[in-house]
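Just dropping this structure here.
Should a chain be cited, it is by its letter among A, B, C and D, assigned in written order, with residues numbered from 1 in that chain.
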Amino acid sequence: MSSSYGPPEMMAVAMARLIRDGELVFVGVNSPLPLVAVSLARRLHAPSSTLLSIGGGINPTPNKLGPATSNARLSVGSASVFDNVDFYGLVARGGVDTTFLGLAQVDERARVNSSFIGERQRPAVRFPGGGGAAAILPLSRRVILWRASHSPRIFVKEVPFVTSAGNIDRIVTPLCIFRKEKGQLVLDSLHPYVTRERLVESTGFAIKNLDGAPLTPPPTEGELAELMRVDPEGVRRVEFPARELSAA
Amino acid sequence: MNKQLALEDAARLIRDGQVITIGGTLCQRVPAAFVREIARQGVRDLELVKPSPGYDIDLLAAAGCVRRIRSGIVSLEQPYGMAPNFRRAVEEGRLEVIENACPTIMASLQAASFGVPFQPVAGLEGSDIPKVSGFGKVADPFTGKEVYVVPAIRPDWAIIHVNEADVRGNARIYGSPVWDRLMSRAAQRCILTTEKILPTEHFAAQPELTIIPEVFVEAVVLARGGAWPTSSYPEYDVDDDGMWNYLERLRAPEGLARYLEESKSHDRSGIEVAA
Amino acid sequence: MNKQLALEDAARLIRDGQVITIGGTLCQRVPAAFVREIARQGVRDLELVKPSPGYDIDLLAAAGCVRRIRSGIVSLEQPYGMAPNFRRAVEEGRLEVIENACPTIMASLQAASFGVPFQPVAGLEGSDIPKVSGFGKVADPFTGKEVYVVPAIRPDWAIIHVNEADVRGNARIYGSPVWDRLMSRAAQRCILTTEKILPTEHFAAQPELTIIPEVFVEAVVLARGGAWPTSSYPEYDVDDDGMWNYLERLRAPEGLARYLEESKSHDRSGIEVAA
Amino acid sequence: MSSSYGPPEMMAVAMARLIRDGELVFVGVNSPLPLVAVSLARRLHAPSSTLLSIGGGINPTPNKLGPATSNARLSVGSASVFDNVDFYGLVARGGVDTTFLGLAQVDERARVNSSFIGERQRPAVRFPGGGGAAAILPLSRRVILWRASHSPRIFVKEVPFVTSAGNIDRIVTPLCIFRKEKGQLVLDSLHPYVTRERLVESTGFAIKNLDGAPLTPPPTEGELAELMRVDPEGVRRVEFPARELSAA
């Protein structure tokens, strides 16, 4: 792979490309990569998209991005304060085009578990919870999931608990992009630095369209240059364990 | 009416077994000094109702103050990640989670604020949450369409950190109020901790900025830096050292007691400088 | 995105048969210039959904623009009393009233704003309103207690007069927003008339004062004095002469046409002085 | 009767006396007399009561009162803006002690009609509507009704339509005060300048406790003096037809 980009850059660029011009895009809590991606898209192909930030802002213009996306500082420059109650109303009325959401586990039927594994009262593993995902996945016109990690414990054959399910369009990972087709995850593209063998080893279910999927176009010089301007401090890397930053 | 109380006295309003909601989100504008004081006073068996707790539930879980939580997401956000003491308490069976989505907590608080027994919520199709958390389903009498409903939850207290308040309880929040406007209407009564206490005239000069009116408020605590180590926009950001120190301290046995002791004079200093 | 339109062009957005809600209350901060322009353009068969209409429904009833109204109270308030043209239209069977209480209209708008099909409402025991207006009754699945519910009503347009807006549609209202915050969230889209158009930086400097954010707004009309003869606090109070003149004019045959003609240049002058 | 007061003064003072210190009292639209009454009570025996004004204010301090109680000007001096949605939430949660409400008609069972007489689709008489009354009457701990007029068409045996019913405590008129007892209106007191005969003639149902009811204590010098300070411009009179002002 090129020395000029790694998984954080590939993911940020891939997520940015999924944003369409003119859309209203929501970025929630705990979402550094989506924040970078939307900021990037708005400076590239989607200048007329609208960023709705959980920090309370509409198209804010903060001096710098930061890892905690619920931070009110990230909403500086917004002409209004858009609070959580307003957001959930808007998405419920069909007013949100695209939402980015994280996940703890997802299965081949595109069902997400961000809640727990094991007994509810004394779970073997407690996850953070899905936030608003259970409501948002059926309500946002389109949802893009991402996770800065890709392993058979994350991409599982069947989740033990369904926190959320719905209008998933794509899932972006350090290794690939999945799309949802007829209720199933299908490989959409493989990042240029990933072998099909590695993807298979890293995924807990049989991958559909493994051989047919193209490579994700690598970030262009222009995309990378703009990414450095949008995110000079490397917020895009905060979700990655140090080893994964170097191992890509 | 002057509602100003010292932190210790205001925290004594919280009694064992009560239902509370706490303002702010994750590590943003959490009434952290108040949360630590609850832990110092050893309150027990609380139920926390909050769409997105973070530092608050992590500390209260470590202190064993909370028996049950209704929430949508619990996190310290990046770069601190998941709330480790919350996670441990749940995995050890000491803390029950009633699984929710943020907007189902919102809807339960809305129902309480509207004085109605339940609230319909949009979405949730395909989720296991309604089943495990006992939500209802009701047929819309106008269209026959089924919709999920959640029960009203009326917390005994909303504990909210604000930027500015007067001693009557009028308060401003700068930046996103997150869920705090709703919380202040859903709870029986509010307790405010505030960065500044200002004269009522300040609020009357631009009453549209008053997000919590005095009629909802029981107590006002002057707590400069009262959200620390979480942020209070625009006064201060999340204290990175403070967060890592918190996480580090609580890894050790007796770490919590030491942490609460070390932060005590910071937390209780506000009242001394009251106007 | 610049959403500024001339009054005439913005009024053309309103089409026959649509459901509208109108900001302000009684004779306070009514988007009166816009209402008169609807009458001038001869829009027909509108349904007005508003807890407390006044000057607006009186004029629209006189002009025959509205077929049905859902409201809690219709009045011009003291010293003008009841809305005479509204009353006449109803008593002559030209205007149907779907009897509501102010908070049942509120609840219908809330349901729309939350994206749910119906909303429970508190109170109403002993009233005949639920029966004649087709409200439902639902058993709370958690307690079995019965509660009245009203259907969601999502107006095509909320037409709101504000003190200040930018051309994108961010807006401030000084004094009580009455129901306008809710209306702006319940309707498909908002049309604002505004006393002043100011740069976006004005709103970004204190975003907490922005009660209507740009994402809900379709059109912004500069309408200085656009609430006249109703009030726009703090710019101007109800114009007593203007109110009596209105009532007097409409007593005569052809009085409405003359009134609309006489007020036309006042109403349409705003755009010419736009920044 | 004394030359120093008439029905507007008697009503304003009688309504003020009904307010208890420490209460939260709501004054809605179209309510000049209640606005005067609460303002007066707060300067007399109920300084710790809280006025919640539909104009959006809590204990506002306007330079002068005015006839249109929905006017935002009447909320000047309030430290917050309390909007209609906030009010209906508060009353529904049981947070309002006393509410003043008007009426078009009321019957001997204390049921109020403020909607219409005749066929709904083409009524013989269209009234303004009850505003929030249908919700408020069962929810406010106590409701005080008033009407600046008293006739057999207003006080009727049975209303043709029940707009609202509920926690009515008193009804204050230019002639008397009714209270509600076991679901029936009962004469509480007769104003000093009114004969029992005149009250009977002016009322459309048989008056309970007609002979047993005392006279309303006339306004004291102190009450009248304070009333003049609170309402120097005579807002209390705006609801009265000119003839009733002089006829009392």
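Quick note on the criterion: contacts are C-beta pairs under 8 Å (C-beta built on N, C-alpha and C of every residue); 3 or more make two chains touch, one makes a residue touch a chain.
Since we're looking at a predicted model, the values are computed, not measured.
**Q** Could you work out how far the Cα centre of chain A sits from that of chain B, in whole Å?
**A** Once rounded, the distance between the two centres reads 28 Å.
**Q** Could you tell me the distance, in whole angstrom, between the mean C-alpha positions of chain A and chain D?
**A** Each chain's C-alpha centroid was found; their separation is 59 Å.
**Q** Cα centroid separation between chain B and chain D, in whole Å?
**A** For chain B versus chain D, the centre distance works out to 41 Å.
**Q** So which stretches of chain C touch two or more other chains?
**A** Answer for chain C, listing residues that touch two or more other chains: 114-116, 121-122, 174-175, 208.
**Q** Spell out, as numbers or ranges, the residues of chain A touching 2 or more other chains.
**A** Those would be 56-57, 75, 81-82, 88, 91-92, 139.
**Q** Edges wherever two chains touch, nodes for the chains themselves; is that graph a line, a ring, a star, complete, or other here?
**A** The chain contacts form none of line, ring, star or complete graph.
**Q** According to the definition already given, which pairs of chains are in contact?
**A** A-B, A-C, B-C, B-D, C-D
**Q** Under the definition above, what is the set of chain C residues touching chain D in their complex?
**A** 25-29, 51-52, 71-75, 77-79, 82-83, 86-87, 90-93, 96-97, 99-104, 106, 121-129, 132, 174-179, 181-182, 231, 233-234, 237-238
**Q** Across the complex, what residues on chain D touch chain B?
**A** It is residues 24, 48, 50, 52, 56-58, 75, 77-82, 86, 88-95, 139 of chain D that touch chain B.
**Q** With touch defined as at the start, can you tell me which chain C residues reach chain B in the complex?
**A** Touching chain B from chain C are residues 107, 110-111, 114-122, 136-138, 140-143, 145, 147, 149, 151, 172-175, 206, 208-209, 211.
**Q** Residues of chain C touching chain A in their complex?
**A** 1, 112-116, 154, 166, 168, 170, 185, 200, 203-204, 207-208, 210, 212-215
**Q** In their complex, what parts of chain D are in touch with chain C?
**A** 29-30, 32, 54-57, 67-73, 75, 81-85, 88, 91-92, 111, 114-116, 120-139, 161-166, 238-239
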